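So that we are looking at the same thing, I have put the structure below in structure tokens.
Here the chain labels run A, B, C, D and E in written order, and each chain numbers its own residues starting at 1.
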Amino acid sequence: DTIKVGIIGPFSGPFALQGKNFQAGVEAYMALNGKSVKGHDIEVIYRDLPTANPAQSRALAQELVVKDKVQYLGGVYFTPDAMAITPLLKQANVPLVIFNAATSAIMTQSPLVVRTSFTTAQTTSPLGKIAVDRGVKKVISAVSDYGPGVDAEAAFKKAFESAGGQVVEAIRMPLNTNDFSPIMQRIRDSGAEAVFAFLPSGPTTLGFVKAYNETGLKQAGIKFFAPGDLTQESDLPALGDGALGLLTTFHYAVSHDSPENKKFVEAATKAIGGADQLSFPSVGAYDGMHVIYKMIEATDGKQDAQKAVDAVKGLSWTSPRGPVSIDAETRHITENIYLREVAKGADGKTYNKEIQTFPNQKDPGLATQ
Amino acid sequence: MGARWLRDMAGVILIIAAGVVGYWLFPDNLALLTRVIAVALLVLSLDLITGYCGVASLGQASLFGAGAYAAGIACVNGVTEPVTLVAIGAVAGATAGLLMGTIMLRAHGLAQLVLSIAIVQLFHEAANKASAYTGGSDGLAGLMVSPLFGVFEFDLWGRTAYLFGLALLVVVVVVLKFVVSSPFGMLCRGIKQDPVRIRAMGSYVFPVLLKMFVISGAVAGTGGALAAISTQVVGLDSVSFELSANALVMLVLGGLGTLYGALVGTVIFMGFEHVVSAINPFHWMTMVGALLIAVVLAAPGGLTGLYETFLGAGKRVKGGRT
Amino acid sequence: MQTILSIAIDAFAYGMALFIICIGLSLTMGLMRVVNLAHGAFAMIAGYIASYAARDLGLGYAVAIFLAIIGTVIISIPLERLLYRRIYGSPELTQVLMTIGITFCIIGITNYFFGPTLKTIPLPGSLSQPVDVGIRTIAGHRLFVMACGLVVAGGLWYLIEKTDFGIKLRATVDNAAMADALGVRTQVIYAISFAIAIGLAALGGVVGAEFLPIEPYYALRYMVTFLVVVSVGGAGSIPGAVVACLLLGAIDTTGRYLMPEFGNFFFYAAVVAIVCVFPRGFFGRAQ
Amino acid sequence: MPAASLEVRGLSAGYGPTMVLEDVSFSVPSGARLSILGRNGMGKTTLLSSLMGLNRRYGGEILVGGADIASLKSSERARRGVGLVPQTRDIFRSLTVEENLIVGVKDRPRSVIQEAYEMFPRLRERRTNLGWQLSGGEQQMLSTARTILGRPSVLLLDEPLEGLAPVICEELMGAFTRLASSGAMTILLVEQRLESALDFAESVLILERGRIAWQGTSEALRADQGLVEHYIGVGSLH
Amino acid sequence: MSDLFRVEGLTKNFGGLAVSRNISLSMSAGERLALIGPNGAGKTTFVNLVTGQIRPSSGRVVLNGEDITRLGAVPRVRKGLIRTFQVTRLFSQITPEEHVTLTVLQREGRAARILSRFTGNSEVSGEVESILSALGLLDVARRKVGEIAYGQQRLLEIGIALALRPKVLLLDEPAAGVPSSDTPRIEQALERLPPSLAVLMIEHDMDLVFRFAKRVVVLAAGEIIFEGLPADVAANEKVREAYLGNYAHARSIA
């Protein structure tokens, strides 16, 4: 028999790169672990959802469940899209494994959701201590003005202030900002010693980092802290040498030094068609597939969402990103968060170099609830 | 007169028939079809001001979003009866239409188009900022709509939502048929062609167009409410420029100023998009682009124009020679 | 004071970058009466060519710009012949449909062949250095952008308002059949103007890439910005475009400095206000 | 360019699928003047604009100075010496008066627009005004001046006196007559006012439903009141 | 005074150009007045000023003793001040019948109603038919305006004006573009106008002017240079020089 898995993600449009990473992760996993589990063949169906669009997301999920008869749903890049699917899960008797969408609250919407990515709070929080350790007392935060940005701002502020620092100003920048020089001017005027930034990966990141260099903030010694979205590997070639020295925290670096990751990177590169396109969503997808495989194993091909989810609660394994486990209570992934510095490799290309590890981080966003 | 009545009747019956056929043919895609209906309402509303009044808008989603958020917020706060929610959406849409019309009708041509863009961006920004009420970019989730008439659940298979949407669409089309064939509708068409002439006939232009904006807002708001009810989530995309631009593309694709064009355009565009994106989720955009180009080359007046060209080809005069 | 001056410099640089990218669109929309929503797509094509030339072939920046312009124009010629020619004089919304279609195709094809990653165009050393302008440092390429903007504005204004070509172009747009009947080779005029507009798009795409990075989705991502700027200025008016770009650039920049969280409100509220006062844009040609 | 002869053979033309002119043939010697008459909607405008190449031709030949131009685009016809003053004037509305004239001069130096100002001093006064701002009569003057500046060898005038003050009409007709008799242009005139039309031209052509109904000299037509009544309408000539 | 309509000291400048200079003019009910003058004299501008399409720099417009200078174009129409356009302004996609129906409904204040049907309104259609038949337009009543002859479009333009039941009617070159064989149609239509109506006609066709007008006003360079009986106009040296030329002479030939 064939078990179908429906993957929803941004495979075209402005976020096509992230969608391609989903696909690469899925294909890498299947290439390395076979296309069947316990004799059940696995078939993956991709459905494109280019930008956040809950109505479309629901329509796609419904079609996958009702028409294509998928037993597992996976993928989902944006939070509202996940929110639109959760109400269907119970009736559909289908678990949803989230490969990316990073708002804490999704997990509370349905007991049939499992997440293998990260939350913004989870990747950001260690930065508070890191900043203080590096002698920074006053930080200005600059985040994109939307859900994840606001999450990042709050998480950093909490972590930084409890470590003894002070956020002197919090700037929220519209998502479609093209020229960041005025923001840099403001950062300079604030008198802060460092800037904490969050922007979604893509063209604006480039503008932000460029402006940081060009307006002389870097020369003036103002430090730069951010979660790893800002230096995702696929953006690094465009950022060029300007990114050297940027400090970011994240759950995964393509450069992560482990045998699991080597295998993964090799397989994923083959799937995506170019090493420079690979970045974090691929590992979310890879581990997502791992979870789905485990679910299939546990249910032996029968459609039983609750049993499937229960089977992976507490599951732990070694992911390309390092040791991880699914928190039995929140169903969210527990993982290491790494501090990385953008450095230049032997081949002259820049990469995220892991320099410090914060082991077994849960999602502080959920922990507080 | 009789003939016209008959034609309108036939049109409505055709819509119902198409709806029912869709139900039988694609029982597994009802959520998509419901979405098509919601968007069709948006495109219809755009046809009212663009096709009948000549006011092009790239911000029509403001009205759709107003309806969606109004219904969504009402639902989260305990008003869960679907018909009431639609009414709330329509009223919110109409109010937004009043606001949008008041601003947009101050300008002409391109500047007007840009006003519409500015308005939808401002709406979008406001919805993003008011995240306490709208959920911001995470979306407004947790809409628990009670069963329609207390009986029919909005469930996974989406039958209730679809039939409810279809009924709404039919009601709206019938009402709009009356609107566009009333003296008011004729006046709007006159304004579209030459407002100076209409003023010289002794009619103000602004209030007439504003009235149409309000009607248009109510229709779009209905669509928004339907989307909110059937999806149970309202996202920022429902007040976005992208949705507005898509609506305009669908309208022009179908043909302006006939109501049917709006429906045809929506169904063809969304259907095509759905099919090609399922076939190749990665590179379907090229196909949609090719479709648009092909339509312009083959039927510059939109698909309904094509139909008329075919009809017209029968009654060629003398021609034939080249 | 220093801050104000510094903001003013940023505003001017950003405004000029906008101007270079948008002026070609203003020409097509205002003079040729073609709502060319694919304008950004051509800018993007130029960006890809320049990126390829400068990064992969290691050619100089000036050569890359030159190749990008030539290459983009060459690519646009068959499109003009086969597609655009059909929509000259069509209703605007038909043009919207066609050019959106073209945009989708170009995006799709670019994504297919070149992948969805950002493409950069390495600047020569002289332009990538921060330059000290007394009160602060400013990136060299920003000065270059300002200079380009001024040269383009002046040259184009002269071409359109003063030369026979400009007059014939405007006559053709106004009434092509009559211009034809007076001996103007309208198709040639259109083809040349189209090429000029595309060339400007190409120049803008390459020179402005530091502000608006090159990637497949470029055309749609910045479409609103382009449309707004062109219309606020009054399509087809060069002084209008300059004023609109500088003013909107300034509002955007200061808004983002003073109250970044309301940056978009500032910008679009300003657009609404301007359009309410100038219903045809700053220098819109009356109909 | 000096005047050229015009010969039309079996011309059929119209709009899209609608054929308006059928099998029209006539010829005008170089430097001659021909008036075209006919009731409303009989195809006078269609005839002139298809000589200019502005609408659809189904068949036939158009020879200017002996060379067939029927397959050329209108801009090429203009360059070979055909010039049209259209009934709808077709001023470039967004161009100034002077710019309108510049479009008309073709390849001659710009300075020749002074000739137009001498012909219509009113235009000199309105030199920097935009086309749409002109009064009806001023537009008519501009349209005529613009075409004449291009020195056509065959000039097609479609109701050029429409909306002009009587004093201007008179001067203009005088000017047209001089242009033709000096051998500079061959002129075809469509004119509603029978008297003016007959005064102007030595020969006349009457169109009826897209066909030539009558052709002959002005004298012959003037003499035959019955003919006038039949083709042009009762009470036209009194 | 028993003037139905009066303008006082109407002045308008476009930039440096004075298009109307201190024009004063009055018309009584039933008056038939022709306004003539050289091209660019300001005749159309005068109509635009009177009907409120453009605002005067100074001066007053008085209708029925009421100062309407400050009113916009629409209320003036509603008060009975109606114009036609020098270049027809019609809707090419709809029929003459629909034009007139819409106009009648508008006059009755019913044009903006949503809850009634446009067609099949018996009282209105009777009036529409009588207007169209008076102008000889019944044959083409149901064809698209874009397809009918220009002369008929001019008649329709007048029909629309009549359907508004004007008190003062301003006709801007009603016969322009209409062949001489069809001008009688227009004349007949004008003759049948209600006698109480004041009509001002701008026209360059002097025959029509002389047959129609009881009084002639000549405008040149924005100023009234002559006002009087048709018979005297041709004899006036200033008018002859500025406008008529040898018209009077030519006339006697034919």
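Of note:
Assume contacts are C-beta pairs under 8 Å (C-beta built on N, C-alpha and C of every residue); 3 or more make two chains touch, one makes a residue touch a chain.
Just so you know, these numbers come straight off a predicted model, no measurement behind them.
Listed here as common contacts of chain A and chain B: C. If you take chain B and chain D together, the chains in touch with both are C, E. Of all chains, A has its CA centroid at the greatest distance from the CA centroid of chain D. Comparing mean CA positions across the assembly, the chain most remote from chain E is A. Remark: among chain pairs B-C and D-E, B-C carries the greater number of C-beta contacts. If you average the CA atoms of chain A and of chain C, the two centres end up 35 Å from each other. Centroid to centroid, with C-alpha atoms defining each point, chain B and chain E lie 43 Å apart. A separation of 75 Å divides the Cα centre of chain A from that of chain D.
Chain C has residues 108, 111, 264, 287 in contact with two or more other chains. Across the assembly, chain A contributes residues 12-13, 16, 20, 145, 174 that each touch 2 or more other chains.
Shared contact sites, meaning residues of chain B that touch two or more other chains, fall at 125, 283-285. Interface residues of chain A facing chain C in the complex, by the touch rule stated above, are 12-14, 16-17, 20, 142, 145, 171-174, 176-179, 181-183, 185-186, 189, 202-203, 206-207, 210, 214-216, 234-235, 237-238, 240, 273-274, 276-277. Listing the residues of chain C that touch chain D in their complex gives 164, 167-168, 170-171, 173-175, 177-186, 285-287.
Touching chain C in their complex are the following residues of chain D: 52-54, 73-75, 77-79, 83-84, 86, 90, 92-95, 99-100, 102-104, 106, 110, 130-132, 146-147, 150. If you check the complex, the residues on chain D that touch chain E are 39-41, 87, 122, 126, 133-138, 140-141, 159, 162-171, 192-195, 232-238. Considering their complex, residues 50, 56, 58, 103, 106-115, 117-119, 121-122, 125, 241, 245, 248-249, 252-253, 256, 283-293, 295-297, 300-301 of chain B touch chain C.
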